[in-house]
Each structure stands twice: as C-alpha cells, then as structure tokens.
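What follows is a single structure, and I will ask about it in a moment.
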Amino acid sequence: MTESMTLAGIASVVGGSVRGDEHAVIQGVATIGVAGQNELTWASAPQHRAMLAASGAGAVLVNDGFGETPMHAVVCEDVDAALVDVLSAFSTSTPGPAVGVHESAMISDSAKIGQNVAIGRRVIIDDHVVIGDNTVLHDGVFVGEGSRIGSDCRLWTYVVIREGCTLGDRVTIHSHTVVGADGFGYVTRAGVHRKIPHLGGVIIGNDVEIGASTCIDRSKTDHTIIGDGTKIDNQVQVAHNVQIGKGCIVCAQVGIAGSTKLGDYVVVGGQAGLKDNIEIGSGVMLAACACVPSSIKPGTKAAGSPAVEYRQFLRENASIRRLPDLVSRVNELSKRLKKLESAADD
Amino acid sequence: MTESMTLAGIASVVGGSVRGDEHAVIQGVATIGVAGQNELTWASAPQHRAMLAASGAGAVLVNDGFGETPMHAVVCEDVDAALVDVLSAFSTSTPGPAVGVHESAMISDSAKIGQNVAIGRRVIIDDHVVIGDNTVLHDGVFVGEGSRIGSDCRLWTYVVIREGCTLGDRVTIHSHTVVGADGFGYVTRAGVHRKIPHLGGVIIGNDVEIGASTCIDRSKTDHTIIGDGTKIDNQVQVAHNVQIGKGCIVCAQVGIAGSTKLGDYVVVGGQAGLKDNIEIGSGVMLAACACVPSSIKPGTKAAGSPAVEYRQFLRENASIRRLPDLVSRVNELSKRLKKLESAADD
Amino acid sequence: MTESMTLAGIASVVGGSVRGDEHAVIQGVATIGVAGQNELTWASAPQHRAMLAASGAGAVLVNDGFGETPMHAVVCEDVDAALVDVLSAFSTSTPGPAVGVHESAMISDSAKIGQNVAIGRRVIIDDHVVIGDNTVLHDGVFVGEGSRIGSDCRLWTYVVIREGCTLGDRVTIHSHTVVGADGFGYVTRAGVHRKIPHLGGVIIGNDVEIGASTCIDRSKTDHTIIGDGTKIDNQVQVAHNVQIGKGCIVCAQVGIAGSTKLGDYVVVGGQAGLKDNIEIGSGVMLAACACVPSSIKPGTKAAGSPAVEYRQFLRENASIRRLPDLVSRVNELSKRLKKLESAADD
C-alpha cells in the first residue's frame, strides 16, 4: 500500500513525465468534480477540458496530446492504462484472511492444500479437494468434494463451489456466487417433470473473474466451460453445458441458456439473453438487453429483441420512431388515391 | 405483538370509526377471498364491492365514501395507509437475535459496537468496524474492515458488507445481498483485460431498504451512493460509481450500469436496464422491462426498448400491432396506383 | 453409484435391447463429439446421424426407428426418458452430510427433527421448526422460526428459509436461494415510503425444485404459493402473494411481480417479466424475454415486449424486419401519386 506519492513517483509508475511541480504530493485518486488539492484526477475526453477548469484537483493525468491543464499534469501515452497503474500503486492491501488456516475452518484430511494458502473463518473444504499455492479463501467459502482450485485464486466470502469443479490459476470469484449447481433439465412424460441427473462439472480457465451472485451450472454430461481470461459480472446465469471461449466480457444480469457456445473475445452487454443450443462466433458484440434467438456469425455486432445485425437494428428503430407518422401518411395516400380513382371513374 | 383486537381498537389505531359491532374481535388480516369470520379484510377499488358480497370476512376496512358493506366496517380516510397501521399492530415481533453478542460471533477487538445491539450466530465483524445503537445483525452477517453501520439497522442472514462501506440509520438489507464487491472494470490492451482496482466504497443513506440477493458494487474512486429513503427490491444490480438520489423506488431485477446517476424520487420498473454514464432526472418513471440507452429529463415517463417517452411508446406500440395490416394496405395501394398509372398511360 | 455397466445392463435399465456386443463395458455417458470408446452417447435428431459417423463413442442410445449406427447400440422406445434412466444408474451418490446432526449445527430444543435426517455443518434451525424424515440440510442452511420442511427434501449450502414458511415433500432448493424475505411494498404519503409489514408466509408444494440464488418473497397477508411439481430455475424473482400452479416450468432470471397468478403447467421462458396482479391461464407458454403487461388466457402461446399472441408476434416481427423498406415504398408511392395528381390537375 502507498499512502502518498509525489508526481515524480507517479510519472515513474506510468512511464510518463511531469508538467509542473515534480515534488507535489498526492494522497489519492478521485474524479474531476470530486478531487481535492492533494488528489490526482484524470482527463481523456474533450468534455473533460471544461470540467478541469472548475476542478479542485491538485494534478491531472492526461495523454500527450491533451494540451494545457490548469493544474500540474502527469503526461503519459495511454491515460486509461496509466490510471490502472496509479490505482494499483495506491491500492491498499486487499483485506482477507492471513496465510494459514483459521482454526474455525473445517478441512477434510484428504484435501491437499498448497503453499502460502490463506483460509478464512468457517471455510469448509470437502474430501479430495486440491487448493493451489497462494490462493485465498475468504470467510465461509465452501468447496465441495473433489473440486480443484488453482494457484493465486481469490474466492470471496460465502462463495460456493460444488463437487467436481475445476478452477484454473488466478481466478477471482465474488461473494455469493454458486459454481456447479445442478443444471435445469427435466424430461416431461404424462405431465410429470423428471429431473435429469447432472453428472458433469464446471471447468473454469486461468485469469477468469466472476462477479457476485452469479450462477455457473454444472453440465448433464461433459463440462460447462469458461475460457481463459474471460470476465463475468454480477448476477449472470450460465446454464448447463454452456461453453464460453477466451477473453470474453459478459456484463451483469446476462443469461446464457443450456449448451450455447460463445467463441473468443465475445462481448455480451448487460441483461442480454441467449437461447439454448446456439453458437455465438468469436468477436461478436451483443448490445445490452439483446434477446438472441439464433446463432450469430463471428465478428457481428447485434442488438434488439430478437437481435438483428446492428445497423439493421438502427434502421428498424428509426423506422419505428416514425411509424405512427407512416400510418397517417398511408391513410392520407389512401384518401388521395380514392379521390383520383373516383375522378377516373367519372 | 397483538394476537387479537376489537373493531373499536382497530378504529382507534387507524383514526377511524366502526360501523357495526365495536366489540367484534379480529385475530388477523386477509384478502377478500380468503378472510374468515374472525379476520379483517380491506376494500378500495370498485371491483371489490362484488367480491365483498361473497367474502366470509368478519369486517372490512374501507374509505369514507365506499358505501354499504355486508359485514362490519372500519371506516377511515385512507384505506391503504390505514392497512399499514393495522398490519403493524398485528405484526408479531420480528424474529432474530437477542440483544447482546452471540458467543459464536467473531468480532474484532477494534470494532466499536453501540448500545442494545443484537448480534446473531456466526456473525463476523472485522477490524475498525462501527455498529450503531439498536442495530440487529442476523446470523452469518459479514461486515468487512472499517465499514460503518448506523443505528436501528437490520441486516438479515448472510448479508455481506465488504470493507470501507457506510450505511446510514434505519437501513434494512435482506439475505444474501452483497454491498461493496468490486466494480466490473477492465482496461483491454492487446487482448488482455487488466483489472481496474476499485479503491472507493459504497455510501448508503438513512431509511434505505434493500432486498435479497441484490448487488451494490464499490466504486473505482469516490463512492457508489444510495440516497436517503430509497427502496431497492431483490436481485437488483447497482454498478460501480452509480449515484441514486433520495426516495427512489427500484423494482426487482433492475440493472444500473456504471456511473449512471438517478435524481430523487425516480421509479424504476422491474427488469429495466439503464446504460452506464447517463443521467435520469428526478421524478422520472421508467416502465418495467425498459431498456434505457441515454439520459432522460426530469419528470419524464418512459418505456420500451430502447426507451422512449411513454405516450410515444403507446403510439408506436399501437402502430406495431397494426403493422402487418399496414403492409397489406400498402401492397393494395400499390396495385391500385399501378392500375391508375396504366390507365393514365393509355 | 454404478462405476461401469455392460450394454446388457443398460438395456435392462431402459427396457430396451442391444444391437451389437451385449458384454461391452460402459463407464460413463458423454455427448457425441466427446464420448470415447468406453462411453455411451445418445442420438435422437436427424443431424446426429452424421455426427455419429465421426464419434468415438463405444455405444449409442437410440430410438427404435433410428436405423443403423456405426457402433453398438442400445435401442429403446424413448431416448430422452431412457437417458434419464441411464444417468440415474451412473449417478454417483449425491455428496452431502451424513445422516445425523453435525456437532457444529445449532438446533433449537423446540424443533422437531424426523427420522434419518442429515444435518450438515453450521446449519441453524430456529424455534418450533419441523423437519420431515430423510431430509438433507447441507452446510450453512438456515431455517427460521416455525417453518416446516417436509420429508425427502434437500436444501443445498447456504439456503435461507425465513420464519413461517412451509415446504412440502421431495422439495430441492439450490444454494443461496432465499425463501420468505419481505415483499417489496410501501405506502407513499408526502414523499415518504412507509414499509408495509409482511405477515404472511410462503407455501411450497410437493416435488418442487428451485434453483440457485432465486428469491421467493413472503406475502403481505395470506401466502405466496408454489404448486406441486413446479420447477423454478436460478435467479428467479417471485414476489409477494404470487400464486404459481402445478407442474409449471419457470426458467432462469424470470421476474413475477406481486399477486400475479399462474395456472397449471405454465411454461415461462428465461428472463420473461410478468406484471403484478395479472392472471396467466393454465397451459400458457411465454417465450424467453417476453414482457407481459396483462392477463393471458389459458393455452395461449405469447412472446414479445409487450407480449402478444405468438403468431401475431411472428407477423409483427417479420413486418418490422421489412419496415425500412416499407418506408421507402411509401415514399415512392407518394411521389407517383403526386405525379398522377399533377397530371389530373392539368
């Protein structure tokens, strides 16, 4: 944790340079309207220029070409990436359990726990679980029979990992998320819904982050799969046998129904819903609230309910905005046509 | 707790009067179709009149102008408000931990606990936490480092409050809600999503109620803010740096993306989705399922996906209902026009 | 648990016959593309025929009329139902607490616990709770004052059942689901939202399954009701006083607002939203993402936002796809009509 830095120190962290007083001391980071004399803010968009004039910030982080600023500046090549560097430098150490096993945790004798693992209060680890080095399990985490958690993972308070699931390295999962609950599948005969046993598990790759209160269901057979580097937000539903590729971004409250496959680097906007058994190609971007009833080719941008190609969506929407007028126009054309027809009949 | 009341007693609670037997004893409240001889029901809408005729209720709560009723009545000025008074009178004491600290709770020595606080089984309170007077923490609640909970709050079973968050007085939060999980933010360079550290917290005002399984994320810098008197339902997603004003009503499954601001007394219907970085003015009403891509002026009623002004939404929808007909009509006009054109050519 | 079966054994389980080597040993079930030499797969759709040719599966489960297969086959009458039989036979015993009460559980002296009940680590059972025979409560489950759980139920890790709720027999509820949180109801007077006390409970019938992170709110008066045999997926919101009939299927992320009633065998697609105080007749099928603003007659299939009858939805959607063209056509008709009018004027 860093409690304060000089502008020179910040410039060094971001690989940039100071314009103004190198020795000025900064104690934190805040947005333009909120930052005070001992805080750094950042500016990237043109509209930030006017806001800077009114800002009380002691210094501002800007890109090379941003131009003059009313306060000291740290000039860098990529303000968004540099901000991550600065926030990381100012980041207090993440709170959580100390390395070791808290006395209230219950850990099966058959579990294998790696080096430097931190296991919090009332954590439960079942038989044959494997936990990799440096992993942190916050209070109340549950890891079911035979599940494997990689190295450098962090599972927040009350995360539930059911039996037979596998997490890679550097996986972070936030509170109250459930990995490996039974998929929702029944065979209905004579009005009775018979539960389909779900014997498969969940495989989560490396460098995956999953938000709070998200559900990743276990598969019927095979595995539900989340690829390396994919990031999933809060309250997302990933159904049984779904396969998500690498580097995807899945925003909050998205629902992905059973056996649907996403390629790599797919971006799914908030609240989008994806039907079961479809394929979303690599690089697809789905707008927020999209309802996707069928497969989508790689690289496509889609929106709407049902989702269509994005420019088509824009055209249709513009047309719908004018639809009441169109009805009036057709009514008027109809009258005029009738008049002409009457005249022609005469 | 009141196990039974006379109609005179009920009339006194609601500031009304009895029409019928003041001494009749009522043991509970139920809806018109369900209420029995020893229960009170309530009627406000015109369609309730016919239902009352068939009701087995011993008495009914009605407004002054409601007219004759087939059973005893308690007549008042505001039946909906009076019903709250009656339900409060019949309300059994809320179950929960007794005043004091349960022996299974784990509380940091550096935490400051107010007077008359009730701390349930297996509650965890981390370093430097402050808990106000009369607050109730149900079983398994977690309060992270440095967070401050006001007076007269109630946090239900398994609520998670992460580090550095602040709750005002009289705040109620229901089970499995997570306050202060990391916001969902990455900077993507060369296909790698780098996590943005989230150093800010969450500030929740006074008299706020938050439902079950809701997520209020912490901010990148500054704070995510929920204003005084705002009520939030179950499974709502409030992203990082969102600011919600006073007295708002946010229904279930709503998603509000990062840095969006809501004014005061905004009503957001269930499942509505709000884009990031927009402003929803005070008094705005958003219909259920609205998908809101851009800022909305104060006092506007909006609906649809994408959301438009409400009367425009109604007009567009009416037009869409007739759209298949419109297509037919245009086809027909086209034919008739062609015929006229042919005739003119001859 | 069965670790391996011969094809003859599998045929016996499904009431079918073997085509090929009866003595071939199968150790598990997998999908066509994944199954290996010692695994069984299944095929039902015509497109599976080509996939079978490329499959490494040792055997395949098919219906009578499916025809030749490139590997051994188990032939049956109903492949989907037979697959459930086979998966059940291969199903490892569900992990969970042993019969008895774990020493870390906290159980009120006034609770009545049936025969053969398995109560896991840190389960909390409050006063006057009743738990039926053979029921399994996984670790950390909370059951509030006076609630009744039937026989042969299974409540997964961290399920919360608030006070005064009733579950029938053979009810399964997945992790982090909350039954009986307060309904979301306020009476607003002079800008102040007064909480309506919720004195009712929740009644869940027999043979109900409820997914993870779902919320079933308690009622204001009377009860929120889930009928026998109904299956509810993850992250579903069921508001106060909702009544759901028998045998319904409610997919993930559905929201049902207060006092709405569903008949029997209603199917609600994922993310659908249902307004408060409406009635959805028996046998209704609502498409995924439907937004339902008003009551729907029994047997209707509906879709869209707002939802309309399904064929109407299809027609409207087809029209919307062509709407930009329609605008162009009307523009063109308008020009041609003007020309005719000018000619007529001459």
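The chains carry the letters A, B and C, assigned in the order they are written, with residues numbered from 1 in each.
The rule is simple: a residue touches a chain if its C-beta (ideal position, glycine included) is under 8 Å from a C-beta of that chain, and two chains touch if they have at least 3 such contacts.
Since the model is a prediction, treat every value here as computed from it, not as a measurement.
Participant: Between copies chain A and chain B, what's the superposition rotation on C-alpha atoms, in steps of 5 degrees?
Facilitator: Value: 120 degrees, nearest 5.
Participant: Report same or different for the chain B and chain C interface, where same means the shared residue numbers exceed half of all residue numbers found there.
Facilitator: different
Participant: Between chain B and chain C, what is the gap in Å from one C-alpha centre to the other?
Facilitator: Here the centre of chain C sits 25 Å away from the centre of chain B.
Participant: Indicate the residues of chain C shared as contacts by at least two other chains.
Facilitator: In chain C, the residues touching two or more other chains are 122, 140, 158, 176, 213, 235, 253, 271, 305, 320, 323, 326, 330, 333, 337, 340.
Participant: Flag every residue of chain B that touches chain A in the complex, lowest number first.
Facilitator: On the chain B side, the touching residues are 106, 122, 124, 126, 140, 142, 144-145, 158, 160, 162-163, 176, 178, 181-182, 184, 186-187, 189, 191-197, 199, 213, 215, 217, 220-222, 235, 237, 239, 241, 253, 255, 257, 271, 273, 275, 291, 293, 305-306, 308, 312, 315-316, 318-320, 322-323, 326, 329-330, 333, 336-337, 340, 343.
Participant: Which residues of chain A touch chain B once you look at their complex with the stated criterion?
Facilitator: 28-31, 34, 78, 80-81, 83-84, 87-88, 90-92, 95, 104, 121-122, 139-140, 156-158, 172, 174-176, 209, 211-213, 229, 231, 233-235, 247, 249, 251-253, 265, 270-271, 288-289, 304-305, 317, 320-321, 323-324, 326-327, 330, 333-334, 337, 340-341, 344
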